[in-house]
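In the two complexes that follow, chain A is the common piece, with chain B as its partner first and chain C second.
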Partner chain A sequence: MSRRFLDLARPSRRHWLGYLLLLPAIALVALIIVYPLFVSLDLSFQKIGMATLNAPRKPFTLDNYRKLFSSPDFWNACWVTIKLVVVVSAACFAVGLGTALLVNNRFKGRTLARLFVALPWAVPEVIAVVIFAWIFDSSFGLMNWLFIKLGVTSQMINWFSEPTAAFWVVAITMIWKGYPFVSIMTLAGLQSIPEDFYNAAKVDGASALQRFWYITIPVLMPVLGVTLVLVMLWVFRDFSIIKVLTDGGPLKATQTLSIMTYDQAFGFFNMGYASAIGIVTLVLCVIASLLMLGRKSQAMY
Partner chain B sequence: MERTRFQSFALYAGLTVVCGILLFPIYWLFVTALSTLAEIRQLPPSFWPAEPQWSTFTKVASERPILLWLWNSALAAIGSVGLSMIVSVLAGYSLSRFSLRGGRSLGLFILTAKMLPATLLVIPLFGIFRSIGLIGSLWSLVLAHATLIIPFTTWMLKGYFDTIPRELEQAAMVDGCSPLGAMFRVVLPVATPGLAATALYAFVLSWADYAYARTFLTNAQGSWTANLGITTMKGEYVTDWNEISAAAAFIALPILLIYLFLERYLVGGLTAGAEK
Partner chain C sequence: MKTIGKRIAASAVAAMLVGAALPTAASAEVLKFVSWQKDEKGVGDWWASVIKEWEAKHPGSTIEWTKVERSAYADTMTTLFAGGTPPDIVHLASFEFQAFANNGWLEDLGPWVEKAGLNLDGWSGQETCKFQDTTVCIMMLYYGTIFGYNEEILKQAGVAVPKTYAEFLAAAKATTKDLNGDGIVDQFGTGHETKGGGGQYIAEMASYLFDVGARFTNAEGEVTIDTPEMVEGLTRWKTIVKENLTPRDLSAGEVRKLFADGKIALKVDGPWIYSIMQQGAAKDKLKLASVPFDPPLGGSSNVLAMPSEISDEKKQLVWDFIAIATSDKFQTSFATLAASTPPSPRADLTEAKAQIPHFDLMVESQKAAAEHKIDRIPVGLEVQFNEFSKMIQEEAQRMIIEDLDPAAVAKTMQEKAAALQ
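Up next is the complex of A and B:
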C-alpha cells in the first residue's frame, strides 16, 4: 500500500468525501434557514397580509420600510429594546461576575456551590415567567407584601398595569434567567488561569486587588467580550419572557422589536410589515455584534 | 491560600445569603405548589406549608393533560435533536478533518444563523408549513427547532472532533478501514462523551422553545408542548397559583434534574468554543 492511499489530506480524496459529508447539512440549512430568510426578505417588500407560498406575488414596494421608519411605535420599540439590553446585560454581568468570583474561592463544598449558583440557567424561560408573575402578583404576590413591610410603598402596586413597574418586572426576570450564563462562562475562563501566575505575582509582592486587576481581568477579557455579545443578543431577540409576562404592555412599555414583529405578523396579520421589522432587527443584531467584536468575531464561536 | 477563621466565616455567610436570594424563586415555586389555596392567599405569607399538599400534583396531573404536554415536548426534542445530530455530526467531522474550499465560509454562515431572531424566521416558516400542511403537527417543531439547534451543534461537534488526533483514523486505515469506516467505527466511539454532551445541550434548547410552539400549534390542543400548555393555564386560572406552580414544577423538573446530575456535560457544551 502506498502512503498516499492513507493520506486523508490528499486533495482528490478529501474533496469528494468532505463535500459529501457536508451535503446533508447544506441541504437542510438551505431548506429551513436560507430559503425562509429569502422568503421573509421578499415578503418585506410586499404589501401582504397572510403569507402563503402559493398566493400570487404582490407588486414590489418600499412602503413597509417607509411606514416603519415613520412609525412612533417602531422608535418606541427601539428605545425599549435598547433600555432592556443595557439594563439586563449590565446587571447580568454584575451578578454573574460576582457569583463566579465568590465560588471560585477554595472551600469545602465548592463543587456544589458552583452547581447551585447557576441553577436558574436550567429553569425554562416560560417557567421563570410563571414564578415571577406570581411573585409580582398584584393581590397576593410576595413583592407587594415585602414592599409594604419595608415601607417602600403604602399601597399595593399593580405591577403589570404600571409601565415603569412592568418594565422592571421584565428586566428582573431576564436578569435572573440570564446571569447564570455569565457565571458559567466566567468560571470556565477563570479555570484556564494557571495558579502559577498568582504565585509569581505574590512573590513579587502584588496585593490581592492588584492580582485581580492585572491577572484575572486581562485573562478573562476575551471570554467576557464574547459573553457580553451573547447576552446582549439574547436580550435583543428574546420573545418568550416578554410575551408571556406582559405581552408588550402596558401602553407598549415592554414592547421590544421582537414583540412588535410577532404582534404585527400574528396579531394583526401584516406579514409584509412584520418581515420588514424582523429584517431591520436582524441587520441591527449583525451590525452591533460586528462592531463589538470587530475582527475577533470569529473567536465568538 | 490560607484564610483566617473570620474570612472563612464571611465566605460561607456571603455564599448562603447570595444563594438564598438567587435560588429563592425556585424554592418559592415548590413551596407554592405544596401550599393550600388559603395559605397562598394569606398575608403575611407562609414560607413553609403547614401540611405539604402533594395531592395538588396528582390533581393537576389528572385534570390537565400535563403528561401529554411533556410527552409532546419530548417527542419534538427527540425528533429535532436526532435530525440535527445526524447532519451536524457529518458536517462537524467534515469541517474538522477536510480543509475544503468554501467549507470555512459555509461554517461561518451557519454561525451567523445563531443571530437570527426567531420572531423573524417564524413568519416565513409559518407560510411554508401552512402550504405543506405541517401546521398543528409536531413535525413543524422538529424542523423549526433544528434551525435553533444546528448552528450550535455543528460547531460544538467540530470542536470535539478537533481534539481527537488524526492518527487514530490513519491507524484504522492502515488496518484496512475505509475513511468512512474509520469515522464511524473509530472516531465516533471515541467522541461519544462529546456527542452526548452536544445532544443534551440541544435537548435543552428544544425543550425551552415557546415561540414556535405557540405559532404552529396553538389551534391543535393535542400537540401542545409543555411550555405552550402552561401559558394557557396562566391565562385562565388567575388565582390558583398553587396549581399553576405544580404544573410548572412538573415541566421544570426534567431540565433541573439533567442540570444537577449532568452539569459537567452541559457546561462543557455551553463553553465549548467560547474559551478559545
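Up next is the complex of A and C:
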C-alpha cells in the first residue's frame, strides 16, 4: 500500500516529484531570505538598539514607523533614491540600447567592440569605484585636470564636497557599471528578432526609424521590461558604490534608503529603526516592480 | 619474570602519564580574537607577542586571531554579538565600545581587576572605560599627537617651524602652491581627511577647537558648543578647508601618504605618522616637533574587553590574556614594538627612548593631553558618539559648502547635540 502511495511515476502524482525536487531550494530561500525578512519585520515593531537573536522580545510599538514618516532624512533619502533610479535607469537604457544596436550590426572589429561594451559589467564594483574615485579626485583627479586643460573651469571642482557634483559622480559611476547589463540583454533580444519582419517592412517602404520604432522596440519590449525592473532594483538596493565613493554625503546628497538603513543599523546601532527603513524600502521595491511588469505585458505584441 | 614486571610497571607509568595528560587535552581551549590591527606593522607584532606568551602559559590552548578591516569592523562585531557568537577576546575602538556595553554585552572587569590586583592609577585614558560606574574595558592606547613638517618646503617658503596656531596658519598659506603653473595646486600647507566617518572628521578638526579652549561638553556632560571659543575654533577649521590649505576629499591614509611623499608641508597626527614617514619618498626631509596647538590633541584609541555571555572558564582565560597585555613587561615592549606611548605609567621607556628619537615628544604630548582630559569622545555623549560625530561633520560641511556664519553653526550644533542626549 505504502509503495503504491510513494509511486511518483503514477500520472496523478507526477507533480509530487517536482515539489520534492524544489524542496531544497525552497528551504534554502526560506532560511536565507524569508526568515531574516520576518526577523526584520518583527524588529521594526520594537524599540531596539542592538538586536540579539535570543533576547526576549520588546513590547510592540509603531514608534519606528512614526519616527520614520516624520523624519526629513527619510523623505530626503526617498527623493535621492528616486532621483538616482530615474537618472541611472534612463541613462543605462539610452547607452545600453545604443551600444546594443551598434554592436548588432556587422562591421570589422565587432567582436572587440562587443567585448568593450560588456567590459564594465565584468569589473568588480569596488574596483570600478576606486577607479572613479581617482578620476573625480578633487585635488589630483583626472577630471579636474581635463576640465582645466580644456578651459571648462578655471578652478578645481570639489567633486565629493559639493552636493550636486557628488550626486553626479555617483550617478555616472552607476551608469558606467550598469549599462552593459542593458546592452547584453538587449543584444540577446535583438538577435531573436526574425529578419523577415525587417524585410517585409522594407518592401512596404518603412524607413530605418520606422523599422526601429514599429518593429524593434515592440518586439524587444518583454526583454526591456524585465531589464528595466532589474536595473531599477539594482539601483534601488546598491550600496557599495555610494558607501565607498561618498558614504551618503555631503549633506546627505547621496544618502539613499540602503545607505540610511546601514547607517542606522551599524553606525548608530538603531536596529529597530533600521528594520523599519528596510521594510519600507522592500514595499517600495515590490510596488515599483509590479508597476513595471504590468507595463511590460501591455506593451507586448 | 623481572622483565614482565618492568613492562607492567612501565605500562602503568605510561597509563598514568596518558591519564594525567588527558585532562589537559580536554581542557585545551581555542580563544577567538578579532582585530583590525593584525597586519599593522609594529602594533600587530606586539599583539603577536602577547598571543605567543599566552599560548606558552596555556600549553595546548591556542588563540585564533582573525583580521577584520576597520571599515567593516562595527558591522562584523555587531553581527557576531547579535548572533550570540562574540569573539572571546574583544578588541574595540574607544568610540564604539559604549554601544556594546550599553547592550549588556561586556563583562564588568572591576572584580577581575581587583582580584588580580591590577593597579590602574595613572593608566592613560582608563576613565573612558568607565561605563555607568563599571569598568567594561582596559584602555590599550591613549595617544598624544605629534607634529610632522617638511623642512625643505618650509625653508623654500622662508618660514620657521610654527609654534602657535597663527604661525601654523601663516606657514600653511605660504606653502600651499601651484608649483608648475598649470592652475592646479600640487603642494598643500597641511592635510586633513574631509570625507569619511564622523569620528575621524572630529579628530581632524579637534586641534583647532581645543587650542582656543572650545569643548563639546563640560565635565558634567552638559553640551557646551554654543560658546565664543567654539565659534573661533569653527572659524579656524573653515579657514583651513575653505582656503584649500588642505587637499579635499581624501581619506586619512591618503593624506598621510601625501605628507610622506613631500606634497604636504605640515601634518599633525598620532604616533603612527612616524612609521609612515619612514616609508615615504620625502623621508629625509621630514622632521618632528611639538604640536603648535595647546593642549595637543590626544585621544583614547582602542580597548580590550570581555564578553559577558561566555563561560567562566573562558573568562579566566581571557583575563589571563588581558593580564599579559597589561603587564609591565608587555607595556614596556609596546613602546618599542608599536613605537607608541603605552598607557601604563609603569612601563620602562628607556629602550624606546634610545631606539626612537622623537619618543619624548610623544610622551610629553600624551601627558599634556591626558592632564587636560582631552578626548574626541565628549563626556555625556559616549553612547551617541557615532550619531553625534556624524551631526558635527554634516554641520561643519554645511558651514563650508554654504559659507555659513560659524556662530550660527555653533548654535545649530548645540541644539542638535542637546537633542541627542
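The rule is short, and it goes like this: the second predicted complex is superposed on the first by the 277 of 301 C-alpha atoms of A that agree within 3 Å, B and C clash if a C-alpha of one lies under 4 Å from a C-alpha of the other, contacts with A are read in each partner's own complex, and residues count from 1 in each chain.
In the analysis below, a contact is a pair of C-beta atoms (placed from the backbone, for glycine too) under 8 Å apart; a residue touches a chain by one contact, two chains touch by 3 or more.
Just so it is clear, the structure is predicted and the values come from calculations on it, not from any experiment.
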Mind checking the superposed model to see whether chain B and chain C fit together on chain A or clash?
clash
Hey, is it chain B or chain C that touches more of chain A?
B
Check whether A:F268 is in contact with chain B, with chain C, with both or with neither, and answer first, second, both or neither.
second
Taking the superposition on A as described, I'd like to know which of chain B and chain C A:D137 touches: first, second, both or neither.
both
Quick check for you: in the superposed arrangement, does A:T216 touch first (chain B), second (chain C), both or neither?
neither
Scan A:N64 for contacts with chain B and chain C and give back first, second, both or neither.
neither
Once the shared chain is lined up, is A:K252 touching chain B (first), chain C (second), both, or neither of them?
second
Should A:W145 be classified as contacting the first partner (chain B), the second (chain C), both, or neither?
both
Counting only touches as set out at the top, which of chain B and chain C does A:Q46 meet: first, second, both, neither?
neither
Where does A:I32 make contact in the superposed view: on chain B (first), on chain C (second), on both, or on neither?
first
Of all the chain A residues, which ones make contact with chain B and with chain C?
51-54, 137, 139-140, 145, 149, 265-266, 271
Enumerate the contact residues on chain A facing chain B in the complex.
1, 5-6, 8-9, 13-15, 17-19, 21-22, 24-26, 28-29, 32-33, 35-37, 39-40, 43, 51-54, 95, 98-99, 102-103, 105-107, 113, 115-117, 119-135, 137, 139-140, 142, 145, 149, 176, 179, 181, 184-185, 188-189, 192, 223, 226-227, 230, 233, 236-237, 239-240, 243-244, 257-259, 261-262, 265-266, 271, 274-275, 278-279, 281-282, 285-286, 289, 298-301
Can you tell me which positions in chain C touch chain A when the two form their complex?
74-75, 78, 81-84, 99-100, 102-103, 105, 182-186, 188, 194-197, 244, 247-250, 384, 386-387, 390, 393-394, 397-398, 400-401
So, in the complex, the side of chain A touching chain C is made of residues 49-54, 137-140, 144-145, 148-149, 154-156, 158-163, 246-247, 249-252, 263, 265-269, 271
Hey, which residues of chain B end up touching chain A in the complex?
1, 8, 11-12, 14-15, 18-19, 22-23, 25-26, 28-29, 32, 40-41, 43-45, 83, 86-88, 90-91, 93-95, 97-100, 103, 106, 108-128, 130-131, 143-144, 146-147, 150, 154-155, 166, 169-170, 173-174, 179-180, 204, 207-211, 214-215, 227, 230-231, 234, 239, 241, 244-245, 248, 251-252, 255-256, 258-260, 263, 267, 270-271, 273-276
